[in-house]
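Have a look at this one before I ask anything.
First chain written, first letter: the chains are A, B, C, D, E and F, and each begins at residue 1.
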Amino acid sequence: MQIRPIIERIVRPQITAYAHCDLPCGIYDPAQARIEAESVKAVQTRYQDADNFKGPNQTAEDYKARALNIKEQRADLVKHHLWVLWTDYFTPAHLEKYPQLHSMFWTATKEAGASKKSQDPAQGQKLLDAIAEIDKVFWETKQPA
Amino acid sequence: MQIRPIIERIVRPQITAYAHCDLPCGIYDPAQARIEAESVKAVQTRYQDADNFKGPNQTAEDYKARALNIKEQRADLVKHHLWVLWTDYFTPAHLEKYPQLHSMFWTATKEAGASKKSQDPAQGQKLLDAIAEIDKVFWETKQPA
Amino acid sequence: MQIRPIIERIVRPQITAYAHCDLPCGIYDPAQARIEAESVKAVQTRYQDADNFKGPNQTAEDYKARALNIKEQRADLVKHHLWVLWTDYFTPAHLEKYPQLHSMFWTATKEAGASKKSQDPAQGQKLLDAIAEIDKVFWETKQPA
Amino acid sequence: MQIRPIIERIVRPQITAYAHCDLPCGIYDPAQARIEAESVKAVQTRYQDADNFKGPNQTAEDYKARALNIKEQRADLVKHHLWVLWTDYFTPAHLEKYPQLHSMFWTATKEAGASKKSQDPAQGQKLLDAIAEIDKVFWETKQPA
Amino acid sequence: MQIRPIIERIVRPQITAYAHCDLPCGIYDPAQARIEAESVKAVQTRYQDADNFKGPNQTAEDYKARALNIKEQRADLVKHHLWVLWTDYFTPAHLEKYPQLHSMFWTATKEAGASKKSQDPAQGQKLLDAIAEIDKVFWETKQPA
Amino acid sequence: MQIRPIIERIVRPQITAYAHCDLPCGIYDPAQARIEAESVKAVQTRYQDADNFKGPNQTAEDYKARALNIKEQRADLVKHHLWVLWTDYFTPAHLEKYPQLHSMFWTATKEAGASKKSQDPAQGQKLLDAIAEIDKVFWETKQPA
């Protein structure tokens, strides 16, 4: 039995989502970048075991070519979601409190770029870690002072 | 003091994200649709109070025109994320257990279409409720049998 | 001599087209999905004979990689056009008359997803057959009662 | 009783679709441009009667703003589909036989651009007429010599 | 007589262009952001004089609604091109030499976001100035040491 | 020491950029097509030397698959930017003065299509040459009569 889904179902109804748009609508959430990054890592993992994951009408080469193509797109979405957070959500006041803000995003988006060139799930994990760091700061800024 | 951010930070590290791609990578998460739908509702809310939300170099008319435009795009993303879940994640085995599956998605995606035509936040809430129903079923299918 | 082009030219001037948008503008036509699906099958067919179809400055591997990439995009367009028809054109009244409506679209869009993983033109034909079934129902709903 | 749907259903099964991609897959069909252009004209028509077409939670102004936005996108699709036909399908041999080829496409794509600026359905009809001319030439090139 | 076109034609043949992709292909050029920003400012300018710029089948309101919509897209392209330069072109070595790098891009992309909300050409000029600053640094990094 | 950057920095401040949109905003610049075409050629060049350019977590095959994919997108952008110039910027008056206008664009966009199928940088150079010819005519039309 897993504990996560249970806690999650308890917490879920209380969760307010945060995304974005440039109206601005005030909705932001690092989950958008994180979900795409999970996809990047999952693709890297499956690439490593293409023979098992490929379908019956596919060669392993075909599977890998598709994997690379899809990873490229997912990594682009990671970059996009992170850039939006950086430019649109965070303010000079945030920067004062978190002087590492710029470098945190630069690192994370560069890691997303690197994931296009790497088929190693460990690289994907580094991307997820970089996003987790952003996520932590993001939610701190949402807390009451 | 709000209790949500606190619980959330405790739970967060354990959360595994679920998104998607057609490899398939196995990552799906209704949060993608939900976040965009929150944006839809937030835009509807701000539309109703355009005079307060508009910037100094904008008329209220301009603000509303932008709001409609942005809502249109966000609603399209909601539809897209929901369609992907319906077609790519759910299987005939799920349908057997949840006979309301098709109608649940049809209703929700039609509600997303309706949100393009409505500036009423109550409509946006109906969309969020329809997604919450999908979210509940989704996470049930993720639980151990 | 072929009879089709001749009949077609006679009939053509009388044909009113049906596409879509979420205004809604009332224009829908399953031909949009069908044309992209024809492309999917054509790519599968050419993939099977890459050595003949490839250009002089390409290896067969390069040709196949491009074919997979293009098929991926075309299959996505098929899914998009079908989802739009399902959500935007068809109404509860149609569902009552065609109880197979949901399952018909679920099958067809899943087949479009499958075409990303299959290089077999027979699979592409199954996709076309699924769309032809939708096309038939669509045009029946357009006929005078 | 309408004669069109009947003839159409007789003819339909024999129709082979033609679309495109740059593989090339050999599938092209001016119907793609025409369907979007029908949408352009339908939007222009509805714009003229916004009070009747708008939904209950919309002002006529909102309806018109959405109409303009949607028309913009549809007109862009018309241009795209026409440009693809011009560059990808037609060959120097076709040009020799149809010296009006370039000017025919230039006119039609300029008309598509004009439809973004005009709310007059008569303008949309001119766009459809320009596409019909292309369609005629296209199908002639498909006929056996 | 203008001197610019003459100098430009002399210089032009020697100019090597710089753009981008994440291969990486090594081609980058701030001109991509600048051109879209020129478009942003031009739209703001025309918005101020809608009555003169609008076409015969348009109201000034329609013209303005289109202007806002188009400006929104152009500003998004500015942001995209700038983010790509920031993440993909610039390296830690550049940052050491130009410690203002992060803040320079943050300011410029925030200005691009601001241009969606402002119809004032002076705001568009501020965006262009921010890009000019980036352009200057970019070309300095391209010069031989 | 290179002379280009020096001249360029002198000339740069005087340069007014020209891009586009269908408002129309009056901003056009063949540089948009040229920059993407430079990227196409750079990708072709790197494809030829994949073993040197590939990263440590990539096979040469993976690098080539990504190169083809990226080249496909860049070539599409070239086509798009050229089509926009042809349809939106050039007028019947220009055509009278430059009767080669249509054929110039047809050739260039066909060359962009060809670049998807060719991994030879010499082909990419032909594309750049075709764009340079358009660029020359474009800037002539911008000169005072």
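In the analysis below, a contact is a pair of C-beta atoms (placed from the backbone, for glycine too) under 8 Å apart; a residue touches a chain by one contact, two chains touch by 3 or more.
Everything numeric here is computed off the predicted structure, so don't read it as measured data.
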Minimum number of chain-to-chain touching steps separating chain C from chain F: 1
Equivalent interface positions on chain A and chain C, same or different at half: different
Between E-F and D-E, the pair with more C-beta contacts: E-F
Centre-to-centre distance between chain D and chain C (centres being mean Cα positions), rounded to whole Å: 18
Euclidean distance of C-alpha centroids - chain D vs chain F, Å: 28
Whole-Å gap separating chain B and chain D, where each centre is the average of the chain's CA atoms: 33
Distance from the mean Cα position of chain E to that of chain C, given in whole angstrom: 39
Shared-contact residues (touching 2 or more other chains) in chain D: 22, 61, 65-66, 69-70, 72, 116
Pairwise chain contacts, counting only pairs that touch as defined: A-B, A-C, A-E, A-F, B-C, B-D, B-E, C-D, C-F, D-E, D-F, E-F
Chain A-facing residues of chain B, complex: 1-5, 7-9, 11-12, 14-23, 25-27, 29, 31-32, 34-39, 42-43, 46, 53, 66-67, 70, 73-74, 135, 139, 142-144
Residues of chain D defined as touching chain E within the complex: 61, 64-65, 68-69, 72, 116-120, 123
Interface residues, chain B side, partner chain C - complex: 22, 72, 75-76, 79, 83, 86-88, 102-103, 106, 109-110, 113, 116
Residues on chain F engaged by chain A in the complex (per definition of touch): 54-55, 57-58, 61-62, 65-66, 69-70
